[in-house]
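There's a structure below that I have some questions on.
Note that the chains take the letters A, B, C and D in the order they are written out, and that residue 1 is the start of every chain.
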Amino acid sequence: MPAMTSLREAIATHVHDGDTVCMEGFTHLIPFAAGHEVIRQGRRDLTLIRMTPDLIYDQLIGAGCVARLVFSWGGNPGVGSLHRLRDAVENGWPRALEIEEHSHAAMANAYWAGAAGLPVALFRGYLGSDLPAVNESIRFLDDPFTGERLAAVPAIRPDVTVIHAQRADREGNVLIEGIVGVQKEAALAARRAVVVTVEEIVDDLRAPSHNSVILPSWSVDAIAEAPGGAAPSYAHGYYTRDNAFYTEWDAISRDRERFRQWLEDEVLGAPP
Amino acid sequence: MSPGYTSEEMMVVTAARQLSSDDTCFVGIGTPSAACNLARLTHSPGITLIYESGTIGTRPDVLPLSIGDGELCETALTTVSVPEMFQYWLQAGRISIGFLGAAQIDRFANINTTVIGGYHRPEVRLPGGGGAPEIASFCEEIFVIMPHSPRAMVPEVDFVTSFGFGSGGSDRADLGLVTQGPTLVITDLCLMRPDPETKELTVASLHPGVDREQVRESTGWGVAFGADLGETPPPEQGELEVLRDLMERTAKAHAPGHGREGEGS
Amino acid sequence: MPAMTSLREAIATHVHDGDTVCMEGFTHLIPFAAGHEVIRQGRRDLTLIRMTPDLIYDQLIGAGCVARLVFSWGGNPGVGSLHRLRDAVENGWPRALEIEEHSHAAMANAYWAGAAGLPVALFRGYLGSDLPAVNESIRFLDDPFTGERLAAVPAIRPDVTVIHAQRADREGNVLIEGIVGVQKEAALAARRAVVVTVEEIVDDLRAPSHNSVILPSWSVDAIAEAPGGAAPSYAHGYYTRDNAFYTEWDAISRDRERFRQWLEDEVLGAPP
Amino acid sequence: MSPGYTSEEMMVVTAARQLSSDDTCFVGIGTPSAACNLARLTHSPGITLIYESGTIGTRPDVLPLSIGDGELCETALTTVSVPEMFQYWLQAGRISIGFLGAAQIDRFANINTTVIGGYHRPEVRLPGGGGAPEIASFCEEIFVIMPHSPRAMVPEVDFVTSFGFGSGGSDRADLGLVTQGPTLVITDLCLMRPDPETKELTVASLHPGVDREQVRESTGWGVAFGADLGETPPPEQGELEVLRDLMERTAKAHAPGHGREGEGS
């Protein structure tokens, strides 16, 4: 049974300086509230893993929390660049950022392998791409039956996974619905802890189907109620994506000073 | 004289016409999404649209702004996890058409969406590959949609994010790829197709009002023109009306302050 | 769009002598009606693949349709042996039966690989077991990153997969609910054809969730309405398992003559 | 004098007592299923029961007859696909206790459920491994439940379906296995545990009314008895009542002609 706790307590207990952390959510259910709490608690030297870094990782990078980023698509969806990510990669501001770059297929398979307790993910991929030349965690091996050359990447096994979900029941079982992304895999791949923020904690999980995507309570370490915790991304059934903020972020993040001010006003100075 | 449609509309309509009800398309945001949904709303009502967020058979009423808008899920036949999407649906070769954009494409249709300049000290750090490297390998055909410019259409890309035809000829088959690769590049000036032998991108038709010189000037290599070079048919009024309605609904739905409610849970 | 057709037509069109066929269903939704139609049509020299052969494969084997069986657990669940399977293995009656034997984990992974278009499944398994010594399609290879020894089996890629599902809509989309087993994987792994029998064909699929297990129409080749088509196994939401028949089967199948009579009365002489 | 309970009840109650609310059990049909549900209905209400058909956290009111009864799914927290069950849940090491039966077990707890005699011309063809080979490897501990007989408890199994301790000593760790393996064998005569060093199965306690000679005669090797050999505590009245209620409900539910309706869909 997970600890039913505050967001502040959940992050303080489970996310430490130097950790490897996955905060996942494929456009949907991105754990913004939890990411902001990591910034407020001043975590440093994190390795962050995420297929699509999105605004939340741009903010963590700009706030100086991140030493290393593992990702496969680093843009502001439908808008353009992640300027804090670019500033870190191109200019080392506010600190140098090491990157490990994959394709989506590689990361999806690596999460899958992590969830499945396999050390490695084997897939068809990276054929003819230059990515294997700049990422030494991409290798190839031959299928022992057909001889086909297959790509191999190590399983993703973060110290901590942080996700946002629609709801949890009072036993700590968690329901994820709609675009479920890689959240279940990211949670099951965690070595040390799984932190889940939810829109609400309820008596009845109201799972729509026998086959709903559910994390059993014993696979989760901490649950914190955080209504609106995925905004400006969205929580299906609760609220929609704040597309205007995604657009606005382009201007905020382009300028270091404006970003710093935003961070001060909206994150550091805001209550969890 | 204005042709009565924009170059964006020309690209979208041209792309839509390449599709049929039998296609299963791996759809990207922007022009590909507009083209696929235009096809669905006009001549190809049975087309299957798949977005990499996991939505299969989606029929959005308005175009999504992100690859994972709730609208895509609400109108889909079903929504699967992202690992399943890449494993069971893309890698297994079930997608007929994949759409890709490109910051750079070269004469052999290799695509760069990673960096301009060197990888370790880039001039411009682009978003990266995302789904593209494996989309390029495992969809039966790839359509590339991008504006035409000499900075974008280069002799050789700075970084091969997604493999097209390598150095041409049989390079693609030699890698073990059984799919056709980029069979069509749609720009704001023309359509390009790979030469059947050399695989060099060759102009197949010019859009109305565009001449060879314009294309030559906008292409970073000495571009060849097909022997049977024709004019790309312009958009028809009916297509433009459906497209403009779609874009208007989309703009309205995504206007700030207009909250589209998620369905009750 | 699949052909919406009769069971007779679906089997005649897609299942041929010498084919490799998967009829899957993990206790739930076992395609008995379709299996009986294969017997009636007198198919021969089939290679049958199934994790748990169950009564349906016992019947196909006893009827002489099967040359080869790939399986991982060949019993009558909760009752005992599959006597027709044993008679074929132990005595070659009614014909010799070649077997390829795996563990559940191996077959589940091999189906998964088949669905994923991978030639091989890599998993942790078979450690210390004698099965690799008697099954040459089990190999081992070393993870290129950690050096861990992993088991490898070829993907399952049948010519034809036959499954039973709760319902299809008139476009040919198929819904599977409850204990979903490996049916989706078996269907997606088929090289040539997917045949689905359903309890009913309906206007509205009534999928309970955005994340329901659904086979899109374009991944299916033929759909035949076959109400009760999973009996004596069950179809969740439609009817329950006929446990008494599973018990009764033990006596029917122990005796060659009694089995032949049963086959005559209940399958060969029965309409599809 | 009759002890007031059957040897089957003795096995079930003894197995149930080994479990706690913190356990996640991979449950087989028959005695293991009875034991796990008895534990759930008595001292361990929080125990998580998992059946290989994909049902997680199931709370059946009656015992299932098959590993995939509808009752298991209807009362489960969620039901996953069989590949997911073996990949995400078993292989990843999330199960604390796996129950296995055996046609044969040997002195080093290797298990045979494949063939009696040679593999290619068996005297008896058994059902085979099913989930057992990987259950034996990836559950933290394995409990084996089986009746005690010299034909079943053999010096060396005819076929190793599921690895226990190999030839004993460090064989298990040498294979790269990090789980404990078979830590407990529950028979109708006694409890056996592996010797901490040699890993030979050793009698840990005798069931009430059983003596050493009986166990010796029923074991196919020169079986050793633990230094602190005790008597297995007999079932208590409360346990027997709950178990008998469960078995009675089960028999009633599965009686021919008693259709338990599937839920409406």
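As a working rule, a residue touches a chain if its C-beta (ideal position, glycine included) is under 8 Å from a C-beta of that chain, and two chains touch if they have at least 3 such contacts.
Everything numeric in this text was worked out from a predicted model, so none of it was measured.
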{"item": "Labels of chains that are neighbours to subunit B and to subunit D", "value": "A, C"}
{"item": "Result of counting contacting C-beta pairs for C-D and B-C, higher pair", "value": "C-D"}
{"item": "Gap in Å, rounded to a whole number, between the CA centres of subunit D and subunit A", "value": "40"}
{"item": "Where subunit C and subunit D are represented by their mean Cα positions, the distance between them in whole Å", "value": "27"}
{"item": "Residues of subunit B engaged with two or more neighbouring chains", "value": "73, 79-80, 87, 91, 138"}
{"item": "Multi-partner residues of subunit A (each touching 2 or more other chains)", "value": "112, 116-118, 123-124, 148, 177-178, 180, 184-185, 210-213, 236"}
{"item": "Subunit D partner contacts - residues on subunit C that touch it in the complex", "value": "26-28, 51-52, 71-75, 77-78, 81-82, 85-86, 89-90, 101-105, 108-109, 111-112, 123-131, 134, 148-149, 166, 177-182, 184-185, 206, 213, 234-241, 243-244, 246"}
{"item": "For the subunit B and subunit A complex, residues of the former touching the latter", "value": "29-30, 52-55, 65-70, 72-73, 79-83, 85-87, 90-91, 110, 114, 119-120, 122, 124-134, 137-138, 159-163, 166, 171-172, 175-177, 254, 256-257, 259-265"}
{"item": "Residues of subunit D defined as touching subunit A within the complex", "value": "24, 46, 48, 56-57, 73-74, 76-80, 87-88, 91-94, 138"}
{"item": "For the subunit C and subunit B complex, residues of the former touching the latter", "value": "1, 112, 115-118, 173, 184-185, 188, 207, 210-214, 216, 218-219"}
{"item": "Contacting residues of subunit A [partner subunit C, same complex]", "value": "116-120, 122-124, 137, 139, 141, 143-146, 148, 150, 152, 154, 177-178, 180, 208-213, 236"}
